[in-house]
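I have placed the structure first, in the form of structure tokens, so that the comments after it can refer back to it.
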Amino acid sequence: MENVQNLPPHQQQQFMQKLEQAQMTDSLTMYNNLVERCFEACSYSFRSKTLEKYETSCMENCASRYIKMAQRVGLRFQEHQAMQQQQQQPK
Amino acid sequence: MENVQNLPPHQQQQFMQKLEQAQMTDSLTMYNNLVERCFEACSYSFRSKTLEKYETSCMENCASRYIKMAQRVGLRFQEHQAMQQQQQQPK
Amino acid sequence: MENVQNLPPHQQQQFMQKLEQAQMTDSLTMYNNLVERCFEACSYSFRSKTLEKYETSCMENCASRYIKMAQRVGLRFQEHQAMQQQQQQPK
Amino acid sequence: MNFFGGGEPQKPAGPDPLFAATTEMEMYTDLFNKLTASCFSKCASKKHKEPDLSLGEMSCADRCVSKYLEAQQKIGIVLQQANESQAQQQQQMMSMQQTMAGRK
Amino acid sequence: MNFFGGGEPQKPAGPDPLFAATTEMEMYTDLFNKLTASCFSKCASKKHKEPDLSLGEMSCADRCVSKYLEAQQKIGIVLQQANESQAQQQQQMMSMQQTMAGRK
Amino acid sequence: MNFFGGGEPQKPAGPDPLFAATTEMEMYTDLFNKLTASCFSKCASKKHKEPDLSLGEMSCADRCVSKYLEAQQKIGIVLQQANESQAQQQQQMMSMQQTMAGRK
């Protein structure tokens, strides 16, 4: 994240605001995407206008599993980044 | 849409401009998406550089049907929102 | 691109800056999309944490072919645009 | 269905209200677009032989919207619980670190 | 191919010209990206055994671009007709409401 | 993995640093979202019978992240080479045009 680290001080605050806004937008987009993905995976028939029991449980599990996947991927991603930064540091 | 309703008066006009711009962008994005979707669904062979008759009619029908779907979904979506707002209102 | 051509002079510079920024964002988005697409097409097993030889070559070829496709499509697209502008010109 | 967890008591100032309102609008648009795309792909025959939707396709669409919005609400709860349990874990981690630091 | 219905007489002032120009540019970029993705998925063999496209793949791509842009133009007409008929319906609805209101 | 070709000597001023930093952040977010979606679709069983990931699914995810980031790095090189060879071609074209123009 060198572009962030190299930011002049007077722009750091502006950046923090952008970051906060991006996190808000991102978490809402993730919500919409999660619904789309799990609805796609778990809805089968449209004979009724309410979710069948097994559809509901499929969707809740799908969402829960996706969130856990995101957490695990996030950890591995951070480890990878940290390792890369170490390698790039001048000795 | 409580964030919109709670907007201070001096920002309402700014919001209306953003809304107008978003509608413009959104309708153009919808155009691009519609072409992508219906081309994907209706183009079969690439032996000629012009559309076959049945491809053209498939694409025009696909577009027309998608627009009608969007209108119907829009109605149902609005009904649902209205119902939800009623339920949340203090008695 | 009539909206661009009709731009008042004092906004032309602002537009050029937006264009430059959009190209930057676009080329980075293209990078991310390319990785997603070629990873999807070329990764088969997850028994190892490094890419197999044939996966690597598939991904490199996939990326190279996609870039060449984008270049060819770009040429044809430009030709089409130029032809359209000629047809619209008043005689 | 509530973006920004409306309904709960909101923070006094919070972020820029124009940003919040604009984002809310964008999220409803995004939701509507995904809803339309999902129900079109679930309910409309892929053959596109007619320019209109059949009665069967339309009533499938009605049920699809209803089920989609129910799913949205159910998944919202799962997401909220995950956020809460993560916040709790972080707090436990922090208080543990403070305890450890206090020992030194 | 015209975003913003160019070619037709435009409104005298209309919205912010910088916004219009920027949006136009973004739409061309989006169109180009979708065009590339569609023709890659329709024309390029999924095996990726070579770093180059074959002659057959390239001439498929040429025809694909041509057909895609024809489709874009055809679908643009459908979209425009739908917009017009919707505007007409809204106007009928409004004049009907005015008549009803006048009766009171 | 470096957006903006970090690591190489950077231009003295370059574009607006706030834009660069914001774009970098957005690109990492986009990468993370795609990484999660890819590894979920490659590693998680589609049946969703349990609210948790199995051990097998989790170790698949670990390897998936590692392979994805390796792919990202490899494809970055291909992309860079393509950019360089295109820049070279354009320069050749320009110097050829200048030679031609000089002949007149």
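Think of it as A, B, C, D, E and F in the order they're written, each chain with its own count starting at 1.
Please note the rule applied: a residue touches a chain if its C-beta (ideal position, glycine included) is under 8 Å from a C-beta of that chain, and two chains touch if they have at least 3 such contacts.
On a predicted model such as this, the values are computed, not experimentally measured, just so you know.
Visitor: From chain B, how many touching-chain steps at minimum until you land on chain E?
Guide: So the least number of steps between the two chains is 1.
Visitor: In whole angstrom, how far does the Cα centroid of chain C sit from the Cα centroid of chain F?
Guide: 13
Visitor: When the C-alpha atoms of chain C and chain E are each averaged to a single point, how far apart are the two points in Å?
Guide: That pair's centroid distance is 18 Å.
Visitor: How many angstrom lie between the centres of chain A and chain C, each centre taken as the mean Cα position?
Guide: Their C-alpha centroids are separated by 25 Å.
Visitor: Can you tell me which residues of chain A touch two or more of the remaining chains?
Guide: Where chain A meets two or more other chains at a single residue, that happens at 38, 42, 59-60, 64.
Visitor: Using the touch rule from the top of the page, what residues of chain E touch 2 or more other chains?
Guide: Residue numbers touching two or more other chains: 3-4, 23, 26, 37, 43, 62, 66.
Visitor: Could you read off the chains around the ring in order, chain C leading and chain E following?
Guide: C, E, B, D, A, F
Visitor: Name, in rising order, each residue of chain E that touches chain B in their complex.
Guide: 3-4, 15-16, 19, 23, 26-27, 30-31, 34, 37-38, 42-43, 60, 62-64, 66-68, 70-72, 74-76, 78-79, 82, 86
Visitor: Using the touch definition up top, name the residues of chain D that touch chain B in the complex.
Guide: On the chain D side, the touching residues are 1, 3-4, 6-7, 17-18, 20-26, 28-29, 32-33, 35-37, 39-40, 43-44, 46-53, 58, 61-62, 65-66, 69.
Visitor: So in the complex, which bits of chain C are touching chain E?
Guide: Those residues of chain C that touch chain E are 1-4, 6-8, 11, 14-15, 18-19, 22, 26, 30, 33, 37-38, 41-42, 58-62, 64-66, 68-70, 72-74, 76-77, 80-81, 84, 88.
Visitor: Which residues of chain B touch chain E in their complex?
Guide: Contact set of chain B toward chain E: 20-21, 24-25, 28-29, 31-32, 34-36, 38-40, 42-43, 46-51, 55-56, 59-60, 63-64, 67, 71.
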